[in-house]
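There are two complexes below, and they share subunit A, which is joined by subunit B in the first and by subunit C in the second.
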Partner chain A sequence: MPQNSEKHGPSRRAVLGAGAAGAAWLAAGSPAAEAQGRQAARQQTPRRGGTLRAVVNANPSTLDPHTGGQGTDHAFLSTMFDKLIDYEPDSLAPIPSLATAWTWPDPRTLVLELRQGVVFHDGTPFDAAAVKANFERMLTHPRSTVKADIAALASVEVLAPDRVALKLKNPDTTLPMVLTDRAGYMSSPKALAERGESYGRNPVGTGAMEFVRWADGNEIVVRRNARYWKQGEPYLDGIVMPIITDATTALRSVRAGQNHISLQVDPQQIPAMRRSADVVLSVKDTMRLQQCYINFSKPPLNDIRLRQAINYAIDRAAYTRVVMGEVGGPAHTHIPPTHWAYDREAASRYPFDPDRARALVREAGFAPGALSVNASYASNQLNAQRIEIISSFLDRVGIKLTSTTGTLTATLQQWREGVGDFRMANWTGRPDPAMTYALLLMPTSAFNIGRAVPSQELIDTITESRTASAPEERKRIFARLLRLERQFALTIPLCFEPDIVALSRRVRNYVPNLAGRSRFEQVWLAG
Partner chain B sequence: MLSRNRWRVVRRRILQAMPTLAIVSFISFIILHIGPGDPALLLAGEFPTEESIAEIRALYGFDRPILVQYASWVWQLLQGDLGRSLQSDEPVLDLILNRLPATLLIVCYAMVIAFVGGSVLGIAAAARRGGAVDRIATGFATLADALPYFWVAMLLVSFLALDWRLFPATGAVPFSDDPIEAIWAATLPAIALSISGIAQITRQLRAAMIEVLDSPFVRTLRAKGLSSRAILWKHGMKNVGVTLITVVGLVFSGKIGGTLLTETVFAIPGTGSALITAAINKDYFVVQGIIMMLSLFVFAVNLAVDLLYAVLDPRVE
Partner chain C sequence: MAAPASPQARRRRPSRLRVLLRDAGAVVTLAYLALLLFVAIAASWLAPYDPVRLDLTATLAGPSAAHWAGTDDLGRDVLSRLMYGAGPSVFSSIAAVMLAAMIGVPFGLMAGFFGGWVDAAIGRVTDALLSFPTILLAVGIAAVLGTSLTNAVIAIGIAFSPGFARLMRATTMAVKQELYVEAARAIGAGPVWLLLRHVLPNAVTPVIVNAGLLLGNALLAEASLSFLGLGVQPPQASWGGMLARALIYMERAPELMYPPGLALVLTALAFNSLGEMARRWLDPRSLSG
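Entry: the complex of A and B
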């Protein structure tokens, strides 16, 4: 059975190297920033102390990792919680964290070897019993948002204080990657029991930082965990995470010297930021992509020819240039080119070919201009621009685009009720690509809005992708899966969004990752 | 001390406010609920399933008829419970009490600026009617009313915070932590928020003062040889008091509910930014709580204005 252990993880040197590479990226073209990148690479001895001020764009839904629901929560959670399994920032390959190794003795059992000597911030030891308590809560808590992620889990067996077996109802090899996400964050069982419903406002993990306070909608403050198991870390005395919902305002606060880090910088602001002497930019490709779900259960887009026509009609390179400026890359599948599961053949299925698109529309029985397709999207300036671009491409091949728009919640509900033929929405990616395709295409998933079976072979391949565990075998299965999805043109991938972060010139060792989830716990501040 | 008569006014006003608050709460509750959008979708996690959405609906009672949900909220309210935020699980009353000081600080600060600025400009314009001061004051009032205040806010931040670094670009310091820093940090938002208030007070005060200065009793005073300065400050001010109180009351009521964009632009953790976030996320209880709070403020300001009328003009009594 495949096995992963600590020796397979990156060394500390590799992580620091990634930091230096991060700093070099960071440069992103500006001479001043490049100088900073070089300086950062030279200045590798971390400086201790100081309080980082890192702006996050949304108040967390809760600080209980297993009942929260917002992507931005991870910026807070990763400072206070360790996950059972972590990921390598560039490839997202699993690496040891609270679990030092994991093995599959049989396809329905995942055994985790746990790190010894780790304690939660409240002094409770981290052990197999704590892991069991966390999983049982994830499965039974009425507001658990990770129940679906660990749906395959039947029970947890404590084999030894540092050894635990996860027994599955059915084989699911995505589980190690699931444990790099929300379900992998471990809370103190003592704090969970004592604090009950208020735990989400007063969390206790094993992470580099301890929770201090959460001033709702204002800021979250954490301080150094003196008993942290990673020797010598963290470097910072604490982190203040001001909550500023407006990205432009957040950016201004970094330029004004009030804060050190601002997330989610708009690509349109890159030229202005490069002229600014106060900040450097971190630009890192992520799995987050702009795309459209298709309701392939009802006319007109239940006709494969029309879905293929739309995919041929869009010039993704031009779209990316207009929407993202000088960053980002065209997306032809849901897997970015640097990812291990990427398949070149699947990605080359739909080159920009308006003639082919027009022919397919005609073949489907529609005269030019006779086909009208409705797009659903949440109303904001960026989405409006994106829909305009798509509309102009579709117009050229004789497809008229109408739209249904409103607030995010309103349009989402309408989409669920069957309004719209495709919906423009970002896909944030999942640690394991099998989860992405299962969520997008399985008839049981809320994202397959019409609950239609796109192709039995495709469904079988998705199932197969969750049972195979050998890396080479999985890569072959994913190549087949990606090609099938493209053959049936079940989505409209558009472009990958980079993670753009503005950093004050004092910030060192900010390591962006392919998951696009900002983490601050390794950062240190230059003098 | 309030006279017996005024106590009667206060009691009557409070009784009159009850149905108004009930209607406001009902309308806002209904509008929020019948509008499209389902908070369960946002609460069910990053990757919701049909089952998890249904569970969330049942857990929070979103599957009950809307009137039952409203009645349940009113029943909680009557017991002093404003509920908990659906997003953060924080008690709504705590959330409002935590955020109100930041909003009150910028609103009160803006009112001081608007009152002083508007009074000076209005009186100067009326005293020098048709002159350069009048033209400048009326021109400013027209322009200030037309300018979007969030645009003014952006300009202020750009020049005074980013270029010259005189003020912080964003954020608020709690008044209880450091009053001086708190006022310093609130200066730019307060100026941005006060602009239209200055315009309104200038216009109203100028018109009222001109009316007073044109009235027969002022002619008599002039005929008796009273100086223009004495007429303006002694008799003019006394007679525009009611107008001034009215317009200040109106501007205050407008500002307390009008901090939404200012708070967003300056990243101030006040009730305005909380209302925007809650409305977007369909966080019903927070929206209801803040709307109730705003309604109470408007009611209190109107009551205070009514009572002050009687102080300034005994005929009102």
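Entry: the complex of A and C
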């Protein structure tokens, strides 16, 4: 049986160093300043103390990790909570955290070895009983938002104070990756019991920072956890996270020196940022991509040749350059190049080849200009721009593009009713790529809008990807899965959206990750 | 020497057209509108480039000999898009105002003429419609109807109609008290005859003036809807849509916002002064004053 243990995985510090070096650092101003930014990221002697001011764009609905649902919540949660399993920032491969190792004695049992000597902020110990209490709450809490993530979980068995077994109803090897997400955050069972409904406003985890206060819509404040299990961490005395919903205002507050970090910078702002001397940009590709779903259950796009033609017709490099400016990367599959499940062969299936596309359209029985395809999208300038580009590429190979547009809800409703041949929308990624492909392509999933079976082999491969557990075996299955999806051309991947974060020059050791989830707890401030 | 009150004095009074043409502002307005109308109709012959042809190798290029107003985010010629955008903007504002008048005038006429419960019923509906900001109402209607230029015109027409109804009601109430209406009624004219033959022709002047003044608002309303993605659909060019796209590139290519912005400002200004001219044309008192 495969085993991932702490000894085999890279050390925490090595991961952080590699992450910082792997990220693209765009320093404002001169090349010298850029070099300085890179050097600063690598600098090895952290300075202790200081309070970081990191702007987050949305007030959380709750700080209870298992009943909240907003993507931006992770920025707050990751300061106060540790997850059972963490991930490498670049490949998202699972690495030890509260669980030091995990094994599959059989396909329906996942055994977690727990880190010893860890205590929650309220002084109670983190142990197997605490893990069991957390999972039972996730399964039974009426407002639990993680029930679907752990749908395969039947029961939790305490084997020893530091060993716990998760018993599954059916094999599901996406579970370790699910434990890197919301379901992996561990709360103090004592605090959960005592605080009940008010827990979400006063959370207790094992993380680097302890909760201090939450002024609604204004700021969330956390302070250093003196008993943190990672030796010598955290470096900061505390973090103030002001909540500023407007990204431009947040960015301005960093340029003005009021705050240190601002998230979600618009790619079009980059040239202006270059002119600012006080700000460094961290740009990192994420799993979030611009793409189109295809309704492959009805004519004309039930014809594989036409789906392939569309995939050949689009110059993804040119598309990315226009839509993203100087950042981002073309997407050829739903898996970014640095991810552990990436497959080069699948990604090179459709080079930009308008002649090939024209030939396929002709082969499918359409004279140039005779084929009309309808695109569904929510009406906004960004989507309009993207559709205009795609429309021009399709026009060049003899496919006319018409559109169905309106509000997000109206067009989604029409799309569900079978209006439109493809739909432009972003895909935000899932902790485990098996979840992405199951959602996109299984006939049981709402994202497979026509509920058609794309190919039996593909369905079997998706099922297999959730039952295999050894990392090498999973990698092989995903290579097959990605190639099959490309062969049948079931989606139109376009480009990966980067996560762009503006940092004050004092911020050190900010490590962006492929999941696009900002984390502040490991940061330190230069003098 | 003051003109004596004689038949000659009347002849010596300058014609209304002459008075208008003596006003430089009016001449400029009329010249601009004539040019605009010409461009709107002949865009497909005048425009130097295809307004929807992309050139991704020449995006966000500033003005040059080949592209007088530069190229946009997708390498399209801005001048050509401006020319093609004139048609939808100008004709849809005219159509929207005509629609608003066609809805508002009959209801206002009935409310003012019949009074009583007819007036009360129509009055409550116009009150309800007027309680929404016009643009908000238009956005709501466009969102319900679906996104297209035709629907945007319908939305603006509906949103502007209560103003016409109010105006028509007020003038009708004044006109129906006039002696000639009483006289017609006395010789046995029915309500339809009275309304169409006597009331409408004598109450319609303020409506025409109002229509002229509303053209500018309708232009901006159409641009707002296109700006919000509820009007003209891409890749077709519209001034509001061009402005919305320019907003995304405000930091990188600020020059993109000037052509559609200036076109909108100048045209709204021209429509407003056209309304003002209509008022002076139709109201003899203002000419002599």
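Keep this in mind: the second predicted complex is superposed on the first by the 461 of 527 C-alpha atoms of A that agree within 3 Å, B and C clash if a C-alpha of one lies under 4 Å from a C-alpha of the other, contacts with A are read in each partner's own complex, and residues count from 1 in each chain.
One rule holds for everything that comes next: a contact is a pair of C-beta atoms (placed from the backbone, for glycine too) under 8 Å apart; a residue touches a chain by one contact, two chains touch by 3 or more.
Since the model is a prediction, treat every value here as computed from it, not as a measurement.
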A:Q381 touches, of subunit B and subunit C: first, second, both or neither? second
Of subunit C and subunit B, partner touching more subunit A residues: B
Touched partner set for A:K169, first subunit B, second subunit C, both or neither: neither
Partner chain(s) touched by A:R321 [first = subunit B, second = subunit C, both, neither]: second
Contacts of A:R476 with subunit B and subunit C, given as first, second, both or neither: neither
Which superposed partner A:R213 touches (first subunit B, second subunit C, both, neither): neither
First, second, both or neither for A:S445, with subunit B first and subunit C second: first
Contacts of A:P271 with subunit B and subunit C, given as first, second, both or neither: second
Touched partner set for A:G406, first subunit B, second subunit C, both or neither: both
Subunit B and subunit C contact sites that coincide on subunit A, given as residue numbers: 406-407, 410
Interfacial residue positions of subunit C with respect to subunit A in the complex: 52-54, 56, 59, 73-74, 143, 146-147, 228-230, 233-235, 241, 244-245, 247-249, 251-252
Subunit A residues within the subunit B interface of the complex: 59-62, 68-71, 142-143, 145-149, 182, 197, 200-201, 215-219, 242-246, 249-250, 252-253, 255-258, 406-414, 416, 428, 430, 435, 439, 444-446
Subunit B to subunit A touching residues, read off their complex: 35-39, 41-53, 55-56, 59, 85, 87-90, 94-95, 98-99, 157, 161-162, 165, 168-171, 264-267, 269, 273-274, 276-277, 280-282
In the complex, subunit A residues that touch subunit C: 268-269, 271-272, 315, 318, 321-322, 325, 379-382, 384-385, 387-389, 391-392, 403, 405-407, 410
